[in-house]
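The following pair of complexes shares a single chain, chain A, combined with chain B in the former and chain C in the latter.
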Partner chain A sequence: MTAPSGQAPAPRVLTPGVRAALIVLLAGALSLALEPAFPWVVTWPAEWTLPATQWVGDGVGWLLGWLKPAARLFSDLLRYPMGWADLALGATPWPVVIGAVTAIGWYLGGLPMAALGFVGLSFVLASGYWSQSMNTLALVAVSVPLALIAGGVIGILANEFPRLKPPVQVVLDVMQTVPTFAYLTPLLILFGFGPVVGLIASAIYAAPPMARNVILGLERIESEIREAAVMSGAGRLRQLFEVEIPSASAQIMVGVNQSLMAALSMVIIAAVIGGFDDIGWEVLLTMRKAQFGQSLLAGLVIVVFAVVIDRMSGALATERRRHDPRIAYGLLGLAVGLAVVFGARLPEASGFDLLAPLADAVDRGLGEFTAANGDWLAGIKNGVMFFVLLPLRIGLDQAVLPFTWGFAWTPAMSGALFAAAALLCLVLVWRGRAMAGLMLLIGAGVLETGIANLPWPFVLVGAAALGWMAGGWRLAALSVGLLSTILLSGLWERALLSLYLSGAAVLACAVLGGLIGLWAALSPTVWRLVRPVCDMLQTIPLFVFLIPVLMFFQIGEFSAFLAICAYAVVPMIRYTRHGLISTPPELLEAAVASGATNWQILRDLRAPWAAPTILLGLNQTILYAFAMLVIAALIGTTGLGQSIYLALGRADVGLGLSAGAAMAILAFISDRLVQGFAAERRRALGL
Partner chain B sequence: MKALGFGLALAAFAGGAGAAELGAVDEPIKLAVNEWTGQHVTTRIAGEMLRAAGYKVEYVTAGYMNMFQAIADGEIDAALELWSSNVSDDYAKKVAEGTIVELGDLGLDAREGIAYPAHVADLCPGLPDWQALKNCAQVFATAETIPQGRLVDYPADWGTPGADRMKGLGLPFKAVPAGSEGALIAELRASTERKSPLLITFWQPHWAMSAYDVKFVDLPKAEDACFTDPAWGPNPNEVNDCDFAASRIFKGAWAGMKDKWPAAFEILSNYTLSVEDQQPLMGAIDVDGGSLEEVVAKWMAENESKWRPVVDAATK
Partner chain C sequence: MTGTGVPAIACRNVWQVFGPNARKALDRALERSGGDVDSAARSLQQSGLIPAVRDASFEVGKGELFVVMGLSGSGKSTILRCIARLIEATSGEIALDGEDIARASKQRLTQLRREKMGMVFQHFGLFPHMTVAENVAYPLKVQGLDRARRRARAQEVISLVGLEGREGAFPRELSGGQRQRVGIARSLAVNPDIWFLDEPFSALDPLIRRQLQDEFLRIQGSLKKSIIFITHDIAEALKLADRIAIMRDGRIVQIGAPADIVLRPADDYVRAFSRDVAKGRHARVASVMQPVAQLAPGPDDPGLRADMTLDAALARCMALYQPVPVHDGQGRVIGAVNPADLAAALQVEEP
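Take a look at the complex of A and B:
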């Protein structure tokens, strides 16, 4: 239609980027032009899909049958440590547990840490979820060592045999991007029912951070240290365990900390199978009854654990100084003494429910707020749906209707839209910004068609072009190859729906998170307010927030969109702020000395300097958005997340794994693209 | 599947008349505890009956949709409240394999239907008659469904009965699948608090039926022909132009249970519970905040005549 106008630029502006954009534009225009004659250009015909989910199901089924005896043996063995941990934590009187945590806190971080441990555990006791919490801790206490051992072995192997590094990276990516729900069914078949499945699922998710940090730590050891170890004549194993690992210990402790947090965040996911009366199960039960107050309370118990474990293991990693162990023993002794003296007269831990009235009040408050503010909430929802989400999904030509925008979309309007975009594009090309002009034209085309209706050749060519720009031919080929598998497996439509929902959320998060990050970078007061909110959003089980979102905005894409944003906005805020405040001080001084204003410093020095960091934040935001898609499916969405739930309900291994793989493919490609662009920016900055 | 289930149930009854061996009384019988309160009541009563017969009982939390592999493996011994309207395909597979057996109907009288909170009758005059819905679709329309009305349907993995009804009856409604039961309840709650319109696929017994004063729409009474013969019913061109087929609530067990604990197998096979008994207990727990253990213990003490004979028949 309007493709010819895009081919006007003079040869001198034909940079590689412009050429790639031109090809994408051409592909899009051709697809649109061919659509009336060949409908298969837009919708991949069903008869061209392969029964891939069936094959995956059969193949994995065969494999599972073969692995099952070994897996069952393993799971029987795991039941022992699990039982011991459960017995130890469950049978220990609660004053002793609280005393022990307070004592460890003192030993690691003095008074503030001891107070944190004491207040945190007292909150857990007051919430009435003590026994469930101890079950959760038992799960974490077994799964984390498992994850640490697995992660450590993977990391050391990758370090010893450098050729293993690339495949190990891919395996770690897969472990972190395939949604856990997708492989719960095969795990159930392999390991049998019960807490062991949750334990293994959380270990799978928690191992990669450990492995990555071990690799990083071992890589960064200074060569003198290595050489000294070699010269001392020690064998390879002794070099590794007596010199290299101790020198990398700080980085490895960061891995331990990350691993702990990952395991804790997976606890709730594992509860979906059940088998264990833990805090995750409580969250699910209250979520099912839409009791916001109670589920928030149960969720906060997990937040408390996360904060206590994070701060204590963080201190273990960074603080060298230890506090007087005598006071720690004293605290523990006091607690044991209390338990012995009061003995059977101690109130039952599960008998506490001091916070129940508070939870009820929160719940009532939510109801009253919904009743009082329903109208303008519905107004916001309709506004965003009509003017942003629907056009993005199905395109202006289908979203603009008399009862949404007040008029009907006509072909003439499409023409006008394209003509305006083409005109703007020409102006931009004339001013030497061909790339921006072409992107504008492509954007207009996407908006007219809608992401869910994009022709597949256009998506493939677009992915190839982006891949080529970000990482050369290999990334381009990889992107096209992986996307083709989704196309062939028949999950394409759902993948596009997922792409649209997470894309819209990432866009909103990038803008909103960027602005909040900027503000927090400029004002420490704002950061003090924003930081605890970020901490909570990242550690609370997100199931909890589905209830208020549903109450305000009902089932639908807008609610799912909000839920995804609530989670995915956090890294954008953190990384933007971090990038902006970490400009090297000598550069800042030079700028101030040369008389630059604050605004000039921000625009010309801090922002470009922060760009690679902000891009990494964007990368994390994309991964978070994909991870959250599965949870958002509990609201009611129609993308890959729904397929994963369907598969979980039907115990359909093939569909679950295929949909999980499709999701991981989308996340993986986005990740590599953004990382490629970030690396390019860093090179441009000379970093 | 249904016919097979009935066959097995009959076999169980035929085999289990009169006293039976207790079997392995030292090993606990593991009963599945799923995600909803009604099931907790059903299971707790059954468990206490087994205890009264001299067994050890263990209550194991289990995700309803994912527990059938565990039952087939004998890691859970019985699940006492399975809904035919919403049972995983995995169950049928395991029954066909012979690793799970059906224990017959629980006796709970379930009903599913298209429902609405009571205040909606003011917004769409003519309800509960289904014909009223023809003219007030706009009342229920939202951003996602406009110009059609919006029907909140079951989560996708439970099937699409609401969408089937709308198509069958030719009603101008678009079915939006909820993502979870929590999403259904949140819809009911928000609609009740805000007095906003809502049409929803729902079922009873459920605590929310009374908590949010939920009413069913009167649809043409279901007959078998409705689901097979388009000519049947108000819409001559479509099947499904009638109310929901009655759903069964039944019990299932690990196939090895019959030999390991013969008397327990018989008790659970003959165990029944009515809506009239279950619903007040649910209310005592969910609405009045009582604990499951106490509420059930009180009921067991007051209604011994309802359960003791089943235990005695199997053990004496």
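Take a look at the complex of A and C:
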């Protein structure tokens, strides 16, 4: 500053952010004030909604009817490879399957990987779920090659024709945000009931990660390698297949790994539509019968598959070294030899039931445990429901009842709450933190009203304000436009319910995951303990998360909340830790040299440096929460997830797709908002 | 220029402008500025385009080692890529051995690359999934040579760069210096006439760099390629070049022999570069010599020759104050030099 008077310029109180917050606050206050006179401010009147769900249903139904013959032909064709895979895996004697997996494990990762394969499959054999597992595996074995080919072709085409890339990426984004169940309804109509639907759904679901990684891998090739191929005088095809794709192979293998995991996850979810004797169906069945011991066992079988497939295909991407193939052939030969020698005397694979007593013991133990600790468990559940979830959902004014809190909420209390918030806000504004003060006031308003009861003008203005701050007018307009389609289609209330549950879970994950991440960043010992848990939680197919929460807390919103948290907390932990520990060492040295304490370094240096990374973690957590929300509909949530699930049961394409789209819109908007803020933080740090 | 006749590489008024509709924008800008390069470039920048190379013209003779020197962002790598047609120049003419490469068809271009051009990259550009031998043989493979001949030729160039015994190694198993040897071997595999080197030694540490520079000079001494060599290091440029072009902000500000650059910088920018250079080692006596009709060899003729460096000349006439004769290779007197001028030429110039 070169002001001649030597005075510092007055700090600008009305920053754009503060102005936006003020407008949002005004919109909220107006809505609340107008509510008694004009009820349509809170509840979008039914007569204003467009029958969009029906239109979508009719339109897509017409389209599907058109496609149906081709689809049926395709599904008939697919029955052949599926039959072969089934036959191959089902009819092969189990020692050969175990031997083959062990041999592959050896080749890819040496002794530890071979042991993992052997122990894992032995567990599957012992569980008595061998034939169901092989059915699942057969589905994966057919769907993954389809997904890899489709994804690879899409990725290469997007790379060859730069004009294709942006639309392809948008489509891939959409495919990954649309909830898995939403795919199933139209597929059900197209292909009829049966395993083919699961197969195609998992192929569709598994193709985007492959395409994405192919694009990414090809993009990341050093330009000089590309140029060296050109200067060698190679034609375009040779450049692509002899130089570029092999150079990108590590990234492409990451795609194969992700694709495999996605396919497995989807195959298991697809069991919901039934018609196939696979392991996902087994979990669902036992869960419905409340046989939690068996359910847990079947769930563990899924986990074993997930871990074995993940680690082995992961080794494809990360490990360059391959182990002696002779030993692998030896292992396979040994297994074949065993099968030939013992032949028919081998016990039937499904005859094994070694772990049944264990399952029964779990059931008994669980029964005793819940009987003994029921009060305590119910206490937790009710405590969280009454004091956290319900107020968030329907607001303090409705959630605070003599039955729950011991007293009734009165308008005077609302007044006191707002007065206290306003006072704090003034203090904050006076201390120069206007933004924090206004956010506090808005937060108080939301808490008083409840997310599910938020007036729609307030939500729209809020989304516009956030969009404007995160990415300018275009993002603001996009957010408002997309939200308006939900409003018009009559799915608004359900959308708010979904928003509430995922919002609550994201909030819990942000706090809990942030703290764990912080702790793991400070102490390597903690990270050594937390890391395998995170790895495990990320490998387990979504479905399996439902089993333990059901065991202890039965069906209901709290169980769904827990399942969502368990799945969505992982990215928050990982990104927080990663952001905090990746502060450049020279910055730390400079701080130490200036005499900063550890706490000061954390607060002034590491935290701001980590902010963009932590925001990305939050973004992932939000997307994970939305993904799990739909799965959690199986154990009782309200909102869009439930609608999608119901639509699946009724084969209602219109409802399924509209609710799926609404869900995708919510996920999309939050993704863009958080990404926008993260990008802004990165710019501010000059990254 | 060492060659005669058609130059190996000729660029005339080459522009490379990045941005949408670059060609039209360039034409319009030139039209408006009446052909003035700087104001055209300024108006292009104002409309959001990036004029990376501005009106570059130069020729490289057959067997000449032509160095393009400039700081990062000066357009030196861009102009090399225009000549190799890795990117399409926005306007201007580029000819290799008189053949207009900007208009060459795709097939002809591929053929030229297979037979005539070799290129070495700053970060080596080695194919990570191929061994040393496979990397070196790849240009031969795309030509369709059979395996035995590929292997024989690859072995030849691998020996030329001194990598015998490492044929089966993968790039990741090699040191930086070794990797660049592979890059050099690969670029020479097809025995090209024209050799492009894009900052080949910049990523290496100083000792290895010196070693590779010397080997490069040895190889060039026997192969006599026509070379464009890109560098940002003035010492490297002076050490290697037959002629140097200095680029700044996309323009070539001076082209000349190393001694010209050091002793007669065209502007302050070039002068700033050469300020830190030990001039005595790069400039020759010829550059400060005055032609003289006759000058009888005196009793203390130090025996200066025109191609001596200033350092060497100065060492011989430390104690002399009178102009001394300068001889050519055959011992004839071709001029005279005042020892004081020798010393003055070495002075570090004040800004």
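In this text, the second predicted complex is superposed on the first by the 626 of 687 C-alpha atoms of A that agree within 3 Å, B and C clash if a C-alpha of one lies under 4 Å from a C-alpha of the other, contacts with A are read in each partner's own complex, and residues count from 1 in each chain.
Assume a contact is a pair of C-beta atoms (placed from the backbone, for glycine too) under 8 Å apart; a residue touches a chain by one contact, two chains touch by 3 or more.
Please read all numbers here as calculations on a predicted model, not as lab measurements.
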{"item": "Partner chain in contact with A:A344 - chain B first, chain C second, else both or neither", "value": "neither"}
{"item": "Comparing the two partners chain B and chain C, which touches a greater set of residues in chain A", "value": "B"}
{"item": "Contacts of A:I555 with chain B and chain C, given as first, second, both or neither", "value": "first"}
{"item": "Partner chain(s) touched by A:A593 [first = chain B, second = chain C, both, neither]", "value": "neither"}
{"item": "Partner chain in contact with A:E224 - chain B first, chain C second, else both or neither", "value": "second"}
{"item": "Partner chain(s) touched by A:L237 [first = chain B, second = chain C, both, neither]", "value": "neither"}
{"item": "First, second, both or neither for A:G192, with chain B first and chain C second", "value": "first"}
{"item": "Chain C-contacting residues of chain A that also contact chain B", "value": "none"}
{"item": "Contact set on chain A toward chain B in their complex", "value": "184-185, 188-189, 192-194, 272-277, 281, 284-285, 287-290, 367-368, 370-371, 374, 378, 381-382, 385-386, 390, 401, 403-404, 543, 546-547, 550-552, 554-558, 632-638, 642, 645-646, 648-652"}
{"item": "Touching residues (chain side chain A, partner chain C) in the complex", "value": "222, 224-225, 227-235, 238, 242-243, 246-247, 249"}
{"item": "Interface residues, chain C side, partner chain A - complex", "value": "81, 84, 86, 110-111, 113-115, 117-119, 121-129, 138-139, 142-143, 183, 186-187, 190, 196"}
{"item": "Sites on chain B touched by chain A in the complex", "value": "33-36, 60-63, 65-70, 73, 75-76, 88-90, 93, 142-144, 146-147, 152, 155-158, 176-183, 185-187, 189-190, 193-196, 207, 286"}
